[in-house]
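Two complexes come next, and they have one chain in common, chain A, joined by chain B in the first and chain C in the second.
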Partner chain A sequence: MTATGTSEGVQRMLADMREGVLQGRVPARIFNDQEIFDLERDKLFSTAWCFLAHESEIPKNGDYVVRYIANNSIIVVRDEHGNINANLNMCRHRGNMMCKSEMGNASHFRCSYHGWVYKNSGELIGVPYFKEGYEGQLDKKQWGMIKIRIDTYAGLIFGTLDPQAPSLDEYLGGFQFYLDIYLRQGAGGSEVHGPPDHWVAETDWKICAENFSGDGYHTPVAHQFGFHLGYFPSSGATHSEGWAVHIPDKGHGIGLGHTPGMPPFFGYPDELVEQMRGSLSAEQIEVFSKTRTAVGSVFPNLSFLIQPFSLVPGEPGVRFCTMRLWHPIGPGRMEMWSWCLVPKDASDEYKEAAYKAYTLTFGQAGTFEQDDFENWTRVTKAAGATAVRDVDFPYVMGLERPRLADFPGPGYAVSPYVTDTNFRNLWSTWLDYLTREA
Partner chain B sequence: MALNVTGVDRETRESIREFLYLESLALDERRFRDWLEAFADDAHYEIPVRVTREKLSEWELSPTSRIFDDTKETLDVRVKRLETDFAWSEQPPSRTRHFITNIIVQPTEKADEYLALSSCLVYRSRGEEITPSLFSAQRRDLLRRDGDSWLIVHRWAALDQAVVNAHNMSIFI
Partner chain C sequence: MDEDSSEHGTAEQWPAGGALLDEVPRDGGVEGPIVIANEFADVVVTRVHTRNGVRLDIWSPRRGTRVQLDAVELDCLSYQEPETFTEMLERKPGG
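Up next is the complex of A and B:
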C-alpha cells in the first residue's frame, strides 16, 4: 500500500491501462473493486461536475430537493430571491442532517438537535442561547451551511466539490450541442414530469454510464423482444446505421441511431417540430431530424435517452425522453435515479403519452430497463471475482474507423453507430481523473 | 377514524377474498394469461412513486410519477413479452409468493362493484441469490361482478419503500 492507500496491484493495473485503452483493452476489475471505488470517490467525484437536479424540480422560491455527490448529501434549494443554492445537508454546529425528506418547500431550515436556524440560502441566522451561552461572541457569518459550487446548463444544475474546477461550459466542452436534443425539445425547453423513480441495484455505475454513451450493440439482443413483438419502430437489419460522437478527453459520448426512411423528427407532435426548427441550429437539425435513438452520457454519471416507442403494435410511436443518474453507493452497488423529461410547451395529452411510453420502457418497471439491469448485475458480479483480477475486455470495435471529416456537430464522430470509439474515450478520461496527482 | 364495519354480506366478502387469492396464485404459478383474464377490458393498473416528505406535506405518493401505469392492453404487452424467449429479466423466472392479508371489502355507488383493500407482501427470489427482494404494499382494488367471479377494474398499489431495493420490477404486485 502507498500513502494514498492504493495497492501496488491496482496502481500497476491503472498504469498498464493507459496504453491498453488506446489499443482497445480495459481491465474487468474496474467494474467491481473496493480500491477503485475509493479512488473514484476521492479523485473523480471530488473534482468533476456532477449532476444535482433539474431546475423544474424546484420551480418556486423555497423549493428544495436533497441530492448527492458521491457520499455527500446536498440540499439544492431555490432561495427567497429565486437563486439556486446548493449546501451540504449538514448543520454546522455538530453535523446533524438538516433535511430528512427528499423534497419540500421551506423558507428556513431549523436543526432538530440544538436548534440553529438557517435561511434557505444557507446563512446562519438563529442560535439558541446566543447571549447566555455564547455571550454573543459567535460570528454567525462564519458558521453558515457549507456551500457547494454550482452552475447550470439549459435547466440542468451541476455541482462540483472542487473550487479549482474549470467552468461547467469548459467541462461540457461542446457536448451542449448534443444535450440540446434532450433539453430544448421545443421553445420552452424541457421539464421533469414528476419526482424520479429510484431504486438500488448491485450494479457498478460505470457499466450503465458506458451503455448510455452509445451502446447500440446490445439493443438487438438485450432488447430482442422489442423487435420480435414489433413494438419498436426500427429493425435489427438497419440497426447499426447512424453516428457515434464523443468529446475527446472530456468523456462525454452519444450514439445517434438512424432508421432509413423515417420521417424527420418522427414521433414528436407537429407544433414541437415547428418550434425545434426555431430553437435548434441548422447543424443540430441536420443531426437530430434523422435520429431515431439518441443515447448519451455526460461524464461521469448522467445519461439521457430519446426514442420513439409505440405502446401497441401498428400505432405510430411517441418520443419519450429519460434522464438518469447512476449514483455510486459502493463497489458494484448503485442507486438509480430516473426521470422522464417532457417538452414544457407540449400539450398535456402528449406529455401523458410520452410519460406512459417511459413507464412501459425505461421506468422502474420498464420492459427495456428490466433487461438492462439483469445484464448489468451479472456483469458486476463477474467483474468482482478474483479469477478476473487480471482479465481485460476487448474495446477494439471501430479501432481503425476513420473520423468523419464533414460531420456537422462538434467532437469526434464515426459511423456506423455501433462502435467502441466513444467508450475508449470514456475510459481514458476516467483514467485521467483516477491517476491525477492530488 | 371510525372503525365501523361496512356490512357487506358475508357471501360477497368471501367470494372477493377467494378471488384475490386465486388471482395471486395465478401470478405465483406464472399463469400470466389466466392472470390477465382477471382484468376488465377498461382496467387500469397503477403503482405511484412514493416520495419521503415532511409530515404535513400535501402528498407522499406522487400525483404524476408512476412505476406502473398500465391498461389491459399494455399489461397484455408485458405478458406477451414474458411469453417470448427474450424476457431476460425473467429468465430464469423469479419465484414469487404473494401474501394477501387484511382484506376489507366496501360497497361502492354501483351495486355490482366493490372496493377491496388489502395488504400485500411479495417475496421474490431470483436464481441462487440468498437475499430475496421484498415488496410490501397497500392495495386498493375496484372489483366488478362477472357472473360467479370478479373482474379487476382498477388496481392501485402503493409500495411502502421510497427507494426500492430490487434491481428491477419485472414482477407484478
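Up next is the complex of A and C:
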C-alpha cells in the first residue's frame, strides 16, 4: 500500500520494482515524477535521518544555520550554553519565518511580525503586551519553537521528523567505519572550510545520490579530461579496480577505487598519515591506505568524495574532500549544498591547497561538477518524457558477483569497484520506505 | 580557583569551547563607531568622553534608544549569566 492519492499506475510500478531491482531493472520514471516526489516527501524524508549541518559550521555560542528536511525549514543553532539545538524555523504565534538569513549569530530570536522573542534554544520568553493583552491566559512554556530530534556522528548533525525512528547509530548500521575516511582525517577530525556552495539544479536528487554511492563507471568518460591532462592519478586501463561496499537494507554505499602501485595514503601530508595510524583501526587502515577515490552516500541524500587531484597537471595530487547534500525541491529539481572538508589539524597551506583542489573539481563551477550536472540534467529531462514513462534501465552489472569473504570492513563488499551492486541495495531500500505502511 | 571567585562561578561553570572566551580583541574600534547587527537588531557602539572619563555609548537607531554605560556597569555585564539577558528581554521584549 502506498499513500492515498498515489495513482494505480505508480502503485503498480512500485510493486513491480520490488522484483525488478533484484533482477537488475529500475524504472526511469522514478527520476522525474510528481507522485514519486510527493511519496518521497511523505514516506522517506519524514522518517529517515537527514543531514542538517556540520558542527564546525556553528562553532561559537549563538551561531546558527538554516537547513531543510523535505519542505521544513530548520534552525540549527549552538545555544548560550554550547549545546546544539534544532527547531522548526517558525514563530509559534502565527507561523512567521523566524530566521530569514541562511546563517548568523543571535542569542535570542525576535519575530518580525508581532515581536515574540525566543531564546536561541527555542523557549518562548518575551511577548509584547503580555499583561495587557493576554491577561494571564498564555502559558509561555507551552509555546516554544518546535523541536526537531537530532543526533550526531563525528561532527555531522542529523535530524529526523520521526520520533519513533531508530537511533542514528542503528540507522548508519556500520557505515560509520567508512565515513571515518572523510570525518577523521587526522587526530582532530575534519572541519568545514568556508561556507558551503549552494545552488539550484534541474536534476533529480536520486541521480546524484546514486552516482555518489560508487559510480566509478562514469569517471573515465564523463571526466576524461582529468585522466588525459594528468590531473587525476588513475588510468582508463585499470580504473575498474577497487571495492564497492554497501550496508544491506540501509541504503548506504561506497565505492573505493584503486590505482595499482599507488603509495599508501597517497596525497595526504605525512604528519596526518602518522596521526591516522594512531586514530584509525587496523581494518580501517587496511582499507583506506589503498584507496585512491572514496565516493560514498549516506542514505538518502548526503554524499562524500575524497581523492587526490593535481593543481597543476602532472604534479603530485592533493587530497581534497567534499561533502554534499542533494535536497529535493520538486520533481527533477533540487537545491545543492557542497562543502569542502579539511583535516582540522592540518597546516593552513595544506588546507588552502585542498580547498583549491575542491574548488577546481567540485565547487559550483568545478570541472567535475560541470561534467556531472550536464549529464544528470539530461537524464532528468529524459526521465520526465512521456515516451519514457514505462522504460526500465539495466542495473545488472555485478549481478552474480560473489561477496568478498575476507574483506576487513563491515557490510557487503564486492570487487571490482565498477558495479551496480550498491545501487540495487540503494533502490530496494528506497522502495522499502516508499511502500512502507503509514 | 581561589575563594573569592567562587561566588561568581568557577571557570569550569562557564560555557567553554563555544563561548568566545578565548578570543583576544584585535580591533578596539577606536577609529570610529562599531556596528553590531544580526537579522533581529542593529546597534551602533562608540566610546564617548565626558570631561573626566569615558563611557560606552550604545545606540539603537531603529528603535531610537540610547544608553551610556560606564566601566562598572560594563564590568557587571561581563559576569552575567545568559539568563540575565533573557530576563531583560522577557520584561521588555520590544517590537
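Structural remarks
We take it that the second predicted complex is superposed on the first by the 435 of 438 C-alpha atoms of A that agree within 3 Å, B and C clash if a C-alpha of one lies under 4 Å from a C-alpha of the other, contacts with A are read in each partner's own complex, and residues count from 1 in each chain.
The definition used in the following text is that contacts are C-beta pairs under 8 Å (C-beta built on N, C-alpha and C of every residue); 3 or more make two chains touch, one makes a residue touch a chain.
Model, not experiment: these values are computed from the prediction.
When the two structures are aligned on the shared chain, A:Phe373 is found in touch with chain B, with no touch to chain C. In the superposition on chain A, contact of A:Gly126 is made with chain C only, not with chain B.
Using the contact criterion defined above for the overlaid structures, shared-chain residue A:Gly194 touches chain B, although it does not reach chain C.
Of the two partner chains, chain C is the only one touched by A:Asn61; chain B is not.
Residue contacts after overlaying the shared chain place A:Asp390 against neither chain B nor chain C. In the superposed model, A:Glu80 makes contact with chain C only, not with chain B.
Applying the stated contact rule after C-alpha superposition, one finds that A:Glu286 touches neither chain B nor chain C. Contacts of A:Gly104 after superposition on the shared chain: both chain B and chain C are touched. Residues 100-101, 104 of chain A contact both chain B in one complex and chain C in the other. Residues of chain B that touch chain A in their complex: 47, 49, 51-54, 57, 62-70, 73-74, 77-78, 80-81, 84, 86-90, 162-170. Interface residues of chain A facing chain B in the complex, by the touch rule stated above, are 100-104, 193-203, 222, 224-225, 228-229, 231, 311-312, 335, 340, 355-356, 359-360, 363-365, 367, 369-371, 373-377.
On chain C, the positions that touch chain A within their shared complex are 15-20, 38-41, 82, 85-86, 89-90, 92-95. Per the touch definition, chain A reaches chain C in the complex via residues 59-61, 63, 78, 80-82, 99-101, 104-110, 115-117, 119, 125-128, 130.
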